[in-house]
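Below are two complexes that have chain A in common, paired first with chain B and then with chain C.
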Partner chain A sequence: MTKAVVAGVAMLPFGRHRESTLSDLGAEVVLGALSDAGLGWPDVQLMYCGVVGVSMTPGTGISAQLGQTGLPVINIDNASASGSSAFREGSLAVASGRVDVAVAVGVGKLNQSFGGGSVRPSSPEAREGNIRRMQGVMPPVGYFAMQTRRRMHDFGSTIEQFALVSVKNHKHASHNPFAQLQNELTVEEVVNARMIADPLTVPHCCPMGDGAAAAVVVSDEKARQLGAPPITVDASAFRTGSYENGSPSEAKTTHLTAQEAYTQAGLGPDDIDLVQIHDAFTVEEIEYCEQLGFCDVGEGERMVENGDTSIGGRIPFSTDGGLLARGHPLGPTGLAQVWETVQQLRGLSGPRQVAGARVGLVHMVGVGGVCLVHILKHS
Partner chain B sequence: MTPNNGAPIPLVEGVFRIADGRPVLLVSRCSFCDRRFFPPRERCAACSSDDMRTEDASQNGELYTWTVVRELGGQREGFVPYVIGQIDLAGGPRVTGVVTCDPDAPTIGMPVRLCLVPQGHDNDGTELVGYGFEPADGTR
Partner chain C sequence: MTKAVVAGVAMLPFGRHRESTLSDLGAEVVLGALSDAGLGWPDVQLMYCGVVGVSMTPGTGISAQLGQTGLPVINIDNASASGSSAFREGSLAVASGRVDVAVAVGVGKLNQSFGGGSVRPSSPEAREGNIRRMQGVMPPVGYFAMQTRRRMHDFGSTIEQFALVSVKNHKHASHNPFAQLQNELTVEEVVNARMIADPLTVPHCCPMGDGAAAAVVVSDEKARQLGAPPITVDASAFRTGSYENGSPSEAKTTHLTAQEAYTQAGLGPDDIDLVQIHDAFTVEEIEYCEQLGFCDVGEGERMVENGDTSIGGRIPFSTDGGLLARGHPLGPTGLAQVWETVQQLRGLSGPRQVAGARVGLVHMVGVGGVCLVHILKHS
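Up next, the complex of A and B:
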């Protein structure tokens, strides 16, 4: 079996791209990633497109724009993990020997709404909507606010400690021209910002936006022909939730998925040089830091406080600003993480470069308990 | 004259019943692994067994965690703020619901009990109710 090599990456700055369709955005980054790899669209044998909640199939639209070569195109909707799922499937297709050149692309535009149902159920969907309505309309921020509150109770953590995650991510993003929010923030500014769901203010939550990102994955033989830097996909682990205390828990799923990834790569937490995670809310970095094995449960706050997860620290997290500052347009987010990791492993990250970075871990979760962990290595 | 003699009816059937003016949540218990689930389900989330029995949950519990939702992304401004929490019912399981108390009032561990929450009217005028939680010690 061949190894999958990430030969090219590209992304658009996250933020506003109102003038373009999803397929326009996708076509631009696909061409960018191919050019980065030294390839052209006719070389692509298979494409996966990560996208959330749109009725049309933008991946197919990308191929219609770039040239109808007849290649298979598969659109994947897996919530926040759509782009990561596209990356996994592209990598596995190459590793299996089925194709030499696969593209994973992710696209997203802001069209989010949260709301309750209508009156009495006339369909199973309406019935489920009404159950959710009785449970209380629960935007994602509400769920993570409750998790933050409980953690403060269990470990005596303070809201300032959680705010430090946002401060750190904004600082990282201030060196990333592709980030949606490039302004620096202080702890006081985070804590005193507008309250969304107690105790979480606006900067504890990721912004929504538009964006696109893509990666070209090739066989190791193809990579040698292209002279691509040997950045290999050494692990691709994917789990859905396991039942725990009333619901699947992201923390437990992250733990199990990471264990699987470490086993695949023959590596452990000590071998990882940098990490990109699903940090849509500040509490997530602290919990995943523990679940990925970088510290014990209850010590995540101290990791952030010590600067361990900052660039220059023991294990930098979200070197591009993470979901909190780089942004989270859903479909492309996982591929933006791959973009950042590849740039870091190539040593091209300028002022936010992690010195000597050779192994990067990429983590993503999605609504419903989906979790992916990839490990990329500069071999 | 509305159906059901004017008495309110649950917004969704098969999720809770009304006893003495308060909701009783219906819980599925797995005959195989003994875990309990709310809302009721036909197959166990832990072991996939389809041998599930429906039983009543306790009407009392304590607040495991909570938040006050103050914004809902544009629409439904009249709806916020509201308190929402996870409640450990006595004997389990842990459930999610609105807590009908002042946003300054909730604390972790606070005793709460089930209460009916208005959910509008059916097309024929029947009053619809859901379930929620209120502080059990009478404070609001």
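Up next, the complex of A and C:
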């Protein structure tokens, strides 16, 4: 069986890229990732492009810019998990022997081009949305505000505990020149910031932004030819589940998906050295930390309080700042996670390096109830 | 090597489906295609959903309606070729041995939910669009109006010859209860209709509409267990190219993609019994007929004039009415083509049956310059 190896990665700083089209941003990171892998555009046999709510196929725009070699290009819109889905499809195409060199790229410009689709007010989709809004369920922040309240009720958690996730992520991001928010924050600043959906203030929520990231995935044989560090995709698990039940059902989906990933990789939570997760809201790190098997349910708050999920702690989460501080332009986010993991496994992360990191877990959820867990290993 | 077999198909009549969500439409055709295959929703291991310009992941909405079995669901937005791309990804996942049962579904509601993305006027994407519009290049109808004029200049073609494509397609659709436009038309009616982009009047252009279509793809071993008619995917070729050059470059991309498909299937144009093509505009049938190898360049007009591309003719095109009359709701269109081809190869097409059809070619292009050619064979 062929193994998929991540031979090259690249990303642009997340934030504002007003003067570039989505294709411009994508072309730049694709070239960057190829250069990192020691390959050129004509070597690419297949490309998946993660992008949300934009129909004018930026993936083909990238290939038009880089040269019309004729390769197949597929645009994937899986909400927040678009980039992760693109990475999975590229990895599986390589692992199945379909191609030797695949590119996964993700692009997003939330400042200019995302409108969440364009549903007419008269449509049944709009009516369903109105019913949810009447119930106070404004996705996504409404869900996570309710989940935060639920944990406060179930476990006696305090808002200061949730705020610590944002404080920790901003600290990690302060060492990441590609992060959208590189400022440090105190618990008091988080708690006293502008309210979005009670009890969540602004720093409990990830920022909007623009960005792009890409990964080049090659067969293990090709990786040997290139002399690439052997960072293999040892698990690619993908499950759908519910996003909207009263209980934190993404957490359940995360649990099931992680189990599948651990089985695929023949590893368990104790083997993981660092984690990148979907922490668009602070409560998410705490719930997923439990569901990924790093602590029991109800103990997530204590993990962040003890510094277990900080760099230098037992199992560092979101070493690049995560969605809360590195940013979340949707399409590229999952590939920024791969970028960070690969840099960490190569030992190239400078002041935010996790010492001796060999195995990284990458987690992403998306609206509609998709969850992906990848495990990357430096063999 | 596992072969991919199309074991079940279903579609809804194209036209208006105001009271259903995209997920409602998708769920209905997925169940229909599964029932056609003798399978149930829990048997499905993987689903690809083709949908354009809608970010709220209708694919996961379908799985939420039919039961949360946890299967991976990937939404693909490849413009007009979204459904075809979903079909290809499902077929390749089966052929690679990744899964035994995959579903490809496509959904679209152009009457309510498609807005062509949502690009702010200040964005570089919008500025690029404005430059094109100043040049008179309004995609897609502007391109095809210019291509029509170009053929009139190069080959002395008349608008009446192009009109014959629409007349023929409407005649085919008059026997298709799932077609959006089932009325017959005369050449005079086509030529004298309301002008859209000179020389193209309304019936030279496909209608907007709502619809859904799905196909169940299984391994050949699974197909034998099910007793499904052995309709195999003998070729799945996918190439990107330019959509916007002065010359009819989609035609060139079609030529290269078809060559790849013929090689994969070990077949040539003479082996094909019927063709479904991307005939959103009348000039397309004429150009693609040449590029698929059914006649020389400059002879496409004579093919339709002679009735060669009519049912009963040498190589029938768009036996269900094509995009021009069966309709083109974007997401599902490629899967409606698969539906028609499978019904024809099963000999179930009633008054529009192509006698003795064993091999069908399915062609699709999409904005941005993607082209797919599938060859389905009743072994």
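By definition in this document, the second predicted complex is superposed on the first by the 344 of 379 C-alpha atoms of A that agree within 3 Å, B and C clash if a C-alpha of one lies under 4 Å from a C-alpha of the other, contacts with A are read in each partner's own complex, and residues count from 1 in each chain.
In the analysis below, a residue touches a chain if its C-beta (ideal position, glycine included) is under 8 Å from a C-beta of that chain, and two chains touch if they have at least 3 such contacts.
Note that the structure is a prediction, hence the values are computed from the model and not measured.
Student: Under the stated touch criterion, which partner chain does A:267 make contact with: chain B (first), chain C (second), both, or neither?
Tutor: neither
Student: Comparing chain B against chain C, which has contacts with more of the residues in chain A?
Tutor: Looking at chain B versus chain C, the one contacting more residues of chain A is C.
Student: Is A:130 touching anything from chain B or chain C once the two structures are fitted on A? First, second, both or neither.
Tutor: First partner only.
Student: A:195 in the overlay: touching chain B, chain C, both, or neither? Say first, second, both or neither.
Tutor: first
Student: Regarding the shared-chain residue A:147, is it in contact with chain B (first), chain C (second), both, or neither?
Tutor: Once the two structures are laid over each other on A, A:147 reaches chain B alone.
Student: Could you look at A:187 and tell me whether it touches chain B, chain C, both or neither (first, second, both, neither)?
Tutor: A:187 sits against neither chain B nor chain C.
Student: Name the contact category of A:21: first (chain B only), second (chain C only), both, or neither.
Tutor: second
Student: Output the chain A positions appearing in both contact lists, the one against chain B and the one against chain C.
Tutor: 112-115, 119-120
Student: Residues of chain B touching chain A in their complex?
Tutor: Result: residues 11-12, 15, 35, 37, 39, 45-46, 64-76, 79, 82, 84-86, 93-98, 103, 108, 117, 119-123, 128, 130-132 of chain B touch chain A.
Student: Any idea which chain C residues touch chain A in the complex?
Tutor: The contact residues of chain C facing chain A are 18-22, 24, 51-57, 59-61, 63-64, 68-79, 85, 89, 92-93, 96-98, 109, 112-120, 122-125, 128, 238-242, 253, 256, 366-370.
Student: Can you tell me which positions in chain A touch chain B when the two form their complex?
Tutor: Residues of chain A touching chain B: 112-115, 119-121, 127, 130-131, 133-139, 141-142, 145-147, 149-150, 153, 194-200, 243, 245-246.
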